[in-house]
Amino acid sequence: MADVLTKPFRRRATPMNLRLWLPLVWIAVVAAAALFAPFIAPHDPLAQDLMLERLPPAFMDGSEPGHWLGTDSLGRDVLSRMIYGARIALFVSLIAATATCIFGSTLGLIAGFYGGWPDRIISRLVDIWMAFPPVLFAVLLVAVMGTGLGSVIAAIALIDWTRFARVIRAETMVQARMDYVDSARIGGARRAATLVSEILPNVLPSIIALLMLEMGIAVIVEAILSFVNLSISSDDPTWGSMIAEGRGSIHFAWWVLLFPLITLFLTVLSFSTLGEGLKQHFDPVHK
Amino acid sequence: MTHPIQPAISDVPALFSIRNLHLSFPDRAHKPLLGPAPRIEVLKGISLDIPKGQITGIVGESGSGKSTFGRILVRLLDPDSGQVLFDGQDIGSLNETELRPLRRDLQMIFQDPMSSLNPRHKVSRIITQPMKRYGRGGTRADAIAALGKVGLPPEFAERYPHELSGGQRQRVGIARAIALEPRFILADEIVSGLDVSSQAQVLTLLGDLARDMGLTIAFISHDLSVIQYLCDNVVVLHHGVIVDQGPVQTVFDAPQSNITKSLLAAIPTPEIDEDWWAETESF
Amino acid sequence: MTSTHPTAQTLDIIKLNVRLANGRRLLRDVSLTLKPGEVRALVGESGAGKSMIGKAVLGILPNNLDISEGEIILEGAHLNAMTPSTRRKTVAKMSSLIPQDPLTALNPVRKIGPQITDPLIRIHGWSADRAMKRARDLLDRVHIRAPERVMASYPHELSGGMRQRILIAAAFAPSPRLIVADEPTTALDVTVQKQILKLIRELQRETGTAVLFVTHDMGVVAKISQQVTVLFAGRVMEDAPTQQVFEAPSHPYTQALIKATPTLNAVTKSFSPVPAELIAELHSDIAKIDAAYDAGDRA
């Protein structure tokens, strides 16, 4: 009966699957900007021109041709810096989120499937880890390891693996109780093989959704660390440092702050929406 | 501990000989703050022979221990004590590695075909993966042949479990079990989740396959009417103890235990019969 | 209640259609009547729409379903013509539900007592004392020893059969005109099922309450009901007195359902599936009916 009520609806509920396509398009735009930055950026992101400082965007009075989104307090082109900023944002998010995902999910799968002492050790570790305030922890880690992209990536992975471990452990425990796991045992499968070939495919949609969410979070954490000047050198264009810089001139040059902020917001939103969308898309029952 | 009188359920030689089987679970609901949880005894010394090449029904109410007993036969559970002789070998004390080569002979069909078929795998993979593990083929043709035996067309090989009806899923479960040509199959409440129309189909199918392949089957059910239809012998469990056993017709015609009598009297048969109400147990 | 007029029926359903938002029909022109004190079985396989009829009467169908077409008349009150809040009050006053799953139907964090007495006080305006007394009496009536203690316990402290008896007591407590019993014994063991069926039968006879008994089991139908509605794919296949249905079923689907139900009679041990050809034929009939219905809809 429940089938009759829900099945035909799901298919129609999301016309053209906008939840999947809108974020994909935006992420593709950002990714293209990152990949082809030298070819599409109208200016050198580092080139200063104090004669052209704080120019407004092209649609306002007093703008200069070629500076579509205006310039900052050192006369650097905002659009070009944002395009180059996408490089750093995506690079960090891709590497950091993947590392976090692999590490955290593996622990989660092991804890959830084997139970017993592996579970007890991993779960206690997660509890202890989560007692640290994450941003402070990140700042502390980077301060100890020194600034730079490598430190930023390491900080993200070291902080956020618990999210994967926790969620994937719970999900694995649910799957481990299903009859198909017993059935694999009856069919002569080894424990490890059961985990990889029976349970993992069922947990994968959640892993992918979390991975996407983590990419968004990595973008934010990178921005936060740039904002407090703990990422890479402040000259390098990152969205976080642009926001930090724009903060000082918000009353007379709002565009320096606003455009990177919107980009950051849309990118993070896209990642998390895409994650949910993909999870639903991969669900064989509710597809 | 003295053994109860030895079971002579049938003249046929036994495939399984179970002696004085005990099992208990920890009762976490009543665990004291310190110290171990008290244990609930689920099976209290069961001794039973399961005859070769026949279908033995195991019946009882919820809490009788019938499913637990079944899961020990296929060693999804470990007994606390007692012998589980499968063809003369005590499988009750083997570890997982020692059991693995034996598992091909000890197959199971599950109650809930949705949960027992991996939703991420196609039917062909579900059927052939165990075959490959035991080096008994595992090609697409093997999958199609197994589907054919349970009356499903070849195109079902490419479907996912959620694309099938309940009865079809249960046939896939049967196909997976018989594809390994096992010597024993445990069927655990396999029709209780199905509509009446498919119940009869699945039971007929299982009965035919058992006869053709000479299978030994333990058929667990809470429903005596289904047992009578399919089984050669029947064992009635109640609170972890065997209260009745023997050839189906004997037990049905002359039940020895009050438990069996009340189980029989409680079946709502599809006929108008005011007398049915006469014997109702009080609460 | 402005739309009330005197009638002999407790429940009168006339050409009820339930549709999904996309227009697909789940119930197709279902009509049935229920006299006071009568038990009518709604029988069919999964997807037949049997539970849906009971839920439509009680007004507890999911919101995405359209039930505007057809009439549901409960004790003379035209439910479909009412505003949602009047309808809710009317239904609550005159009917109760015995749900399928006793394990989830009771609120786990509340004690049993208030779960029985609350509706009596809130909906029926009884005094707390009167409600308490009634709850005690009925728990006693469903053979619960020490009703006081049970009323002070939480659901998880009681067995499944006990909880189902409590739900039956709660359903009968306000002496409703109609009880919808939605597969109330499906989750229970046969011996407990028989006890529960007997209880429902006795209480129903004592109180004169009409019962709409939803089940998939022809055996249960034979034992509990006086009238039967056989459903297939949301359509009534046969509507007849129970006696007649089992002695001379007129519809081939009814005959097949009876044959598919195992008996204990060793002589007629034949027990055969519903033929696939019959199912296919019924589905094609329904497709034709739907096509005609859709054409009429557009015209």
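As written, the chains take the letters A, B and C, and residue 1 is the first residue of each chain.
In this section, a residue touches a chain if its C-beta (ideal position, glycine included) is under 8 Å from a C-beta of that chain, and two chains touch if they have at least 3 such contacts.
Because the structure is a prediction, the values reported are computed rather than measured.
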Which of A-B and B-C has more C-beta pairs touching across its chains: B-C
Centroid-based (C-alpha) most distant chain relative to chain B: A
Whole-Å gap between the CA centroids of chain A and chain C: 51
Rounded Å distance, chain A centre to chain B centre (Cα mean): 49
Rounded Å distance, chain B centre to chain C centre (Cα mean): 33
Residue numbers of chain C (touch at least two other chains): 46
Parts of chain B lying in touch with chain A, wherever the complex brings them together: 74, 76, 96, 100, 103-104, 106-108, 110-112, 115-121, 129-130, 133-134, 160, 162, 176, 180
Touch list for chain A against partner chain B, complex: 178-180, 182-191, 197-198, 201-202, 284-285
Of all residues in chain B, those that touch chain C in their complex: 61-62, 166, 195-201, 203-204, 222-226, 228-229, 249, 252, 262-273, 276-277, 280-283
List of chain C residues in touch with chain B within their complex: 45-46, 143-144, 160, 165, 189-195, 197-198, 201, 216-223, 242-243, 246-247, 256-258, 260-266, 269, 271-274, 279
